[in-house]
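Note that subunit A is present in both complexes that follow, paired respectively with subunit B and with subunit C.
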Partner chain A sequence: MWLDVLLFGLLITSFMLVVAKRISALINYFTLQSLALFLLMLILAYGHTGVKLYLVAGLIFLLKVVLIPFFLKRIMRKIKVEENVGFFVNPVISVLIALVLVYLSYAFTTKLLHITETLAQGAFSVAISIIFIGMFLMISRIKALVQIVGLLVMENGLFLAAISVSGGMPFLVEVVIFFDILVSVVILELFVYKINNAFEHIDSNKLKGLQG
Partner chain B sequence: MIVTIILCVPLILAALAVLVKRSRAIGIINTVGYAVILAVSLWLVQGIINGGAPVILGSFFYIDALSAFFIFLIALINLSSSLYSIGYLAAETQEGLITERKTSAYYVLYNLFAFAMFFVTVVSNLGIMWVAIEMTTLISAFLVGFDNTKKSIEAAWKYIIICSAGIALALFGTILLYYTVAQHGGINSLNWTEVLAVASKLDPQVMKVVFLFILVGYGTKAGLAPMHTWLPDAHSQALSPVSALLSGVLLKTAFYAILRFTIIVNKSVPASFTQELFIIFGILSLGIAAAFILVQKDIKRLLAYSSVEHIGIISVGFGFAGIFGVYGALFHIFNHAITKSLMFLGAGIVAKNYKTTNLHIIKGVISVMPFTGVILILGAFALAGAPPFSVFFSEMMILVAGFHQGSYLASILFLLFMVIIFGAITYHFSRIIFGSKPAAVTSVYEPVTIKIALGLLFALILIVGLSVPTFFNKLILSVVEIIKG
Partner chain C sequence: MKILFFVAQVLALVALAPLVSGIIRKIKNNLRMRQGPGILQPYYNLIKLFGKDEVISVNTSWIFTVTPYVVLVSSVLALMLVPVFVSDVSLNYMGDFLLIIFILALGRFFLALAGLDAGSSFGGMGSSREMFISSFVEPVVVMVIFVVALNAHSTGLQVISAVPVLSLPLIIAATAMMFVIIAETSRIPVDNQETHLELTMVHEAMVLEYSGRSLALIELAAHVKQIVFFSLIASVILPFGIARDIAPMPLLASFIYYGLKIMALTVIISVIEISMAKMRLFRVIDFLNIAFVLSVLGIVILAMGK
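Our next item is the complex of A and B:
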C-alpha cells in the first residue's frame, strides 16, 4: 500500500517539476521527489535482510535530499540568477507531453518488456516516466540550472528502476554511481559559474557561438 | 601486475605534475611515462596473442584481446599527444595564453583522463564501466573548457550536458540488462564473465530494448549521428593535443562499451538485429558528416566532422559483419586513431602559427612550414582514404564485406559518401597547403618534439598501410574471434 502511495508521489512530483515556473520551486520539488525515493527505499530495506539497502537509502537522503539541493540553492544565491525557468514549451503543453510520456512508459513496460509482477510493473513504468520527463525538462527550459535539475530527475528515475529490480544493483556499483552523481553536480555547478562569468547570463538558448 | 602498471603510471604522473615545478620537465616525464605504458601494453598484447588466457584479477578486472587492443591504442595516442604537448604548451605559455601553474593543471587533468580511459577497458563490471565512461566525460570537460574563453565554455557545457543525458540512457540499458540477468539468468551480477555465461538464457525482447538504449546512450559519447551535435564544438575548442585524444581514442572507448554489449546481445537475439542498427546509424553519420565537411570553414571543425564520418564507417563495418567487416572495422578503429591524431596535431601547430582556424585565411602552409605542410597534405589524402595509406585498406575491407553480405543499398551509399568526403577533404586541404604565403605570418614556431610526434604517427600510417605487422594482425584476429562469439 505505502509503496503505491510513494510511487504515486514520485509521479506527482514529476508533474510538479513540469509546471514549476520558478527555479527555487523546481529545486524544492526535486527535493520532495528525492524524499519520496528515500522513503520508498527505506520501506524496501525494511523488507530485506541485511544493512545494504539501508545504506543506499541513507546515501539517497544525504545526497539527493540534503547536499545537492543545498548546492543548487547556494549557486542560485551566489549568481543572483533570475528566478524564471524560461519556457521553450509552455506549461500546459508541457503537462500534455508529460502525460503522453507516462502513457508511453506504461505501454513500454507492459507490452515491450513483458514485466508482469505488479510492483515491478508499477515501479518500472513510473521510473521510465521520470527518466523521460527529466530529459524533457532538460530540452524544454532555457536556464542552464534547469538542465542540471533535469539530469538529476533522470537519475531519480534511474534509481527507481535500479531498486525495483530485485532489490537494487550490486552494492559497489550503487555506491560508485552515487559518488559519480555528486562529482557531476559539483562540476556542472562550476560550469554554471563559468558561463555566468563569461556571458553574464545562464540562458542556454543564447549560447550560439558555435554553429555549422 | 600489468594492470597495476597501466593504471598506476597515469596516477603517479598526475601526482608528479603537481610536485614538479617546471612545465618542460613535467612534459618530458609525462612522455617517458607513456612510453613505459606503451611498452607494457605491447608486452600484454604479446602475452595474449601467444595463446594467453584473459587476465582476470579477482572479479574486478578482466582483460582479454578486446581490452588489450584498446589499451594499446590509448597508450599509443597518449604517447604521441604528450610528446606534442611539450612544444605546444611551451608556445601557449610564451604567448601568455596560460600560466605555468595552469600547465600543471593541464597535466593533472591529462593523466586523470588517460587513467579513466584505461579503466574503462580493464574493468569487468558493466556498471563500473559506465561510471568510468562518465568520468572520462567529466574530466575531459575541463580540458575542453581549458582556455576559459566564451566559445570553449559553451562547448564544454554542451559536451557535458548532452553526453551526461546520453549516457544516463546507457545506464538505463545496463539496469535493464541486470533485470533480465537476475530474472532469467538466475544470478545477481554485472560481471562480464558471469553475464556472458548466462547470455543465451536472457529474454530476447528485453535484450533488444537493452541494445537500443546502449546504442543511443554510448553512441552519443561515441559521436554517432544524430546524437553527435556536441562533438564538433568540443573537439574544435579543446587544445589540439587534447582534440587528438578526444577524436583518436575517447570516441573509441565509448565504442568499446557498445561492442561489449553487442557480444552479449548477439547471444540471445539474432545478430541481424544489432547489425541492421549499426548500419542505419553508421550510414546516417556518414551522410551528415559529408554535408558538413563540404561546407566547413574551420579546420578543426572539419576534422571533428570527419570523426563523425569515421565512427560511421566503423559502425557500418560492424554492421556488415562477417570476418571482413569486423576485421575491417577494428583495423579502421586503429587507422582512424593514428591518422586523425596526426591531423589534429598538425592542424594545431598550423593554427598556432597562423593564429586562426579559418580555412579561408590559412594559405601556403607548405612554404611557411615545409615539414608540417608535407605531412598534412599526405595525411589529408590518408584520412580521405587514398592508397597506400592504412585507412584505404580498412575502408576497402568494409566495402568488400558489404557487397559480400549482399547489403547493396548500404554499400552503394557508403561508397557515395566516401567519394564526396574524399573530394571535400582533399579540396579543403590542398587550398590551405598550397597557395601564396600570407604576409602576416613572420616567425615560424615548429619545435623538434612536435616534428617527432608528427613524424612517428606518419611513419605508422605508412608502415601499417604497406603491411600489417604480424603481431597486430594476430591481435585483431583474436578480437574478431571474441566479437563473433
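Our next item is the complex of A and C:
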C-alpha cells in the first residue's frame, strides 16, 4: 500500500517536472522525486535484514535530496540564470507526450518483456516511464541546466528499475554509481559555468555554431 | 435502521458542510499568518442572510426565483447518492456515479440560466465562464469514473466503495479529482471565492444578483456540493476504511477514516490555494489539461498493468 503511494509520488513528480516552467521549480520537483525514492528504499530496507539497504537509502538522501539540489541551486545563483526553462515543445503538448511515453513503457514492459517483479506490481513499468520522461525532458528543453536534471531523473528511473526487478544492485556497485553521479553533476556544473562564461547564456540551441 | 441511518447521515452532512468551508478558510488564514474569522463564520453568514429581505429585479422571470431551490436540491440529491460511511447506505438503487454528475450539471445549468436571466453584464459573463470551465471539467470527471469503474467492474457506487484497495491508478484518479474539486468549488488557480473583483469572478459573478434567503440557499448549495466532491474522493475513489454494514465497530472506524480523509483534503486544498496565483481564464485550459492527462494515465495504468 505504501509502495503504491510512493510509486505514485515518483510518477507524479515526473509529470510535475514536465509541466514546470521555472528552473528552481524543476530542481525542487527533482528533490521531491528523490525524497520519494529515499522513502521507498527505506521501506524496502525495513523489510530486509542487514544494514546495507539502510546505507543505500542514506546515500540517496545525502546525494540526491541534499547535495545535488544544493549544487544545482548554487550554479543557478552563480551564473544568475534566467528562470525560464525554455520549451522546444510547449507544456500542454509535453504532458500529452509524457502520457504517450507512459503508455509505451507499460505496453513494452507488460506485453513484450515478461518480468517478474519483486518490489510491487507495476514498479518496473513506472521505472521505465520515468527513464523515458527524463530523456524527453533532456531533448525537449533548451537550457543546459534542465538537461542535467533530465539526466538525474533518468538515473532515478534506472535505480528504481534495478530495485524493482532484482531487489537492488550489489552494494559496491551502488556506491560506485552514486559516486559517479556526484562527480558527473560536479563536472556538468563546471561545464554549465564555462559555457555561460564563454557564450553568456546556457541555451543549448545556440551552441551549434562554431566559435574561434 | 438503514433508512434512519441514511436520513441522519444526509442531515448531518448538510449541517456540517459549511463547517468544512470554515475550516479551509481558517487554515488558509493561519498559513498566511493572519487571525481570520472563526471556523463557524459560514454559519453566521447563512443565518444573517436567511434573516434578510430579498431584492428581486422586475426584469427577471420565474427561472431566477426557482434557481436557488433547484441548485440546493440538486446538491443534496447528489449527496444522497454518495455512500459516505457505509458502502450500501445511499440511494444507490436510483442511479450510479454518472447520475451524480448529471444531477450536479442540472444545478449548474440553472445557475447559469439565472445568471443570464437578470440581464446584467456580469451575470452573463459569469455564466459563460462557468460553462467554459465546466466543459473542460466534465471530461475529467468521466475519465475518473472510468478508472474506478474499471477497477471495480461496475459503475454502481455501492460496488465501487466496497473495493477497499489503495492502488496506483486510484491514487492518480483521486489526484485528477482534486483538480476537479478546485475548479468546481471555485478555488484559487481557477476562481477566487473571497473576492468580488469584477475581472476574476466566475461563480460570484453568476450569483451577483441574488440577495437574502436566495443567496443563503445558493451558498449552502455550494458548501454541500463541496462536501459531495470530498466524499467522492474519501468514500468512493479511495474507500479504504469504509464500513460494509451498520455495526458499531466498523462504523466507528469509518467515521474516523472519513474525518481524517476530509481533514487531509482540507489541508491539501488550503496549501494549494495559498501557494498558487489565480490563473488567467485561458490558462485554466492548461491546468485542466493536466487533470485530463492524469485521469487518462489512470486508465492506461489500470488497463495495461494487469
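Operating definition for what follows: the second predicted complex is superposed on the first by the 203 of 212 C-alpha atoms of A that agree within 3 Å, B and C clash if a C-alpha of one lies under 4 Å from a C-alpha of the other, contacts with A are read in each partner's own complex, and residues count from 1 in each chain.
Definition applied: a residue touches a chain if its C-beta (ideal position, glycine included) is under 8 Å from a C-beta of that chain, and two chains touch if they have at least 3 such contacts.
Computed from a predicted structure; not experimentally measured.
Visitor: Overlaying on subunit A: subunit B and subunit C, fit or clash?
Guide: Pair status: fit.
Visitor: Identify which of subunit B and subunit C touches the larger number of residues of subunit A.
Guide: More residues of subunit A are touched by B.
Visitor: Of the partners subunit B and subunit C, which touch A:Leu96 in the superposed model: first, second, both, neither?
Guide: In the superposition, A:Leu96 touches subunit C alone.
Visitor: After lining up the shared chain so the two structures overlap, which partner does A:Ala144 touch, if you call subunit B first and subunit C second: first, second, both or neither?
Guide: First partner only.
Visitor: Let me test your reading of the model: by the given contact rule, A:Ile195 touches which partner, first (subunit B), second (subunit C), both or neither?
Guide: A:Ile195 sits against subunit B, while subunit C stays out of touch.
Visitor: In the overlay, answer first, second, both or neither for which of subunit B and subunit C A:Val19 touches.
Guide: A:Val19 contacts subunit C only, not subunit B.
Visitor: So, does A:Glu82 touch the first partner subunit B, the second partner subunit C, both, or neither?
Guide: After superposing on A, A:Glu82 lies clear of both subunit B and subunit C.
Visitor: Which of the two partners, first being subunit B and second being subunit C, lies in contact with A:Tyr106: first, second, both, or neither?
Guide: The second partner, subunit C, only.
Visitor: According to the stated criteria, A:Gly122 is in contact with first (subunit B), second (subunit C), both, or neither; which is it?
Guide: second
Visitor: Just to confirm the value: shortest Cα separation between subunit B and subunit C in the superposed three-chain model, in whole Å.
Guide: Across the overlay, subunit B reaches subunit C at a minimum of 18 Å between C-alpha atoms.
Visitor: Considering each complex separately, which residues of subunit A are in contact with subunit B in the first and with subunit C in the second?
Guide: The answer is that subunit A has no such residue.
Visitor: Where on subunit B does subunit A make contact in their complex?
Guide: Of all residues in subunit B, those touching subunit A are 125, 127-128, 130-131, 134-135, 138, 141-142, 145, 148-151, 153-158, 160-161, 164-165, 168-169, 171-172, 175-176, 178-179, 182-183, 188-190, 203, 205-206, 209, 232-233, 236-237, 292, 295-297, 301.
Visitor: Considering only the defined contacts, which subunit A positions touch subunit C in the complex?
Guide: These residues of subunit A touch subunit C: 1, 4-5, 7-8, 11-12, 15, 19, 91-92, 95-96, 98-99, 102-103, 106-107, 110-111, 121-122, 125-126.
Visitor: Write out the stretch or stretches of subunit C touching subunit A in their complex.
Guide: 166-168, 171-172, 175, 285-286, 289-290, 293-294, 296-297, 300-301, 304-306
Visitor: Using the touch definition up top, name the residues of subunit A that touch subunit B in the complex.
Guide: 112-114, 128, 131, 135, 138, 144, 147, 150-151, 154-155, 158, 161-162, 165-166, 169-170, 172-173, 176-177, 179-180, 183-184, 187-188, 191, 194-195, 198-199, 204, 207, 209-210, 212
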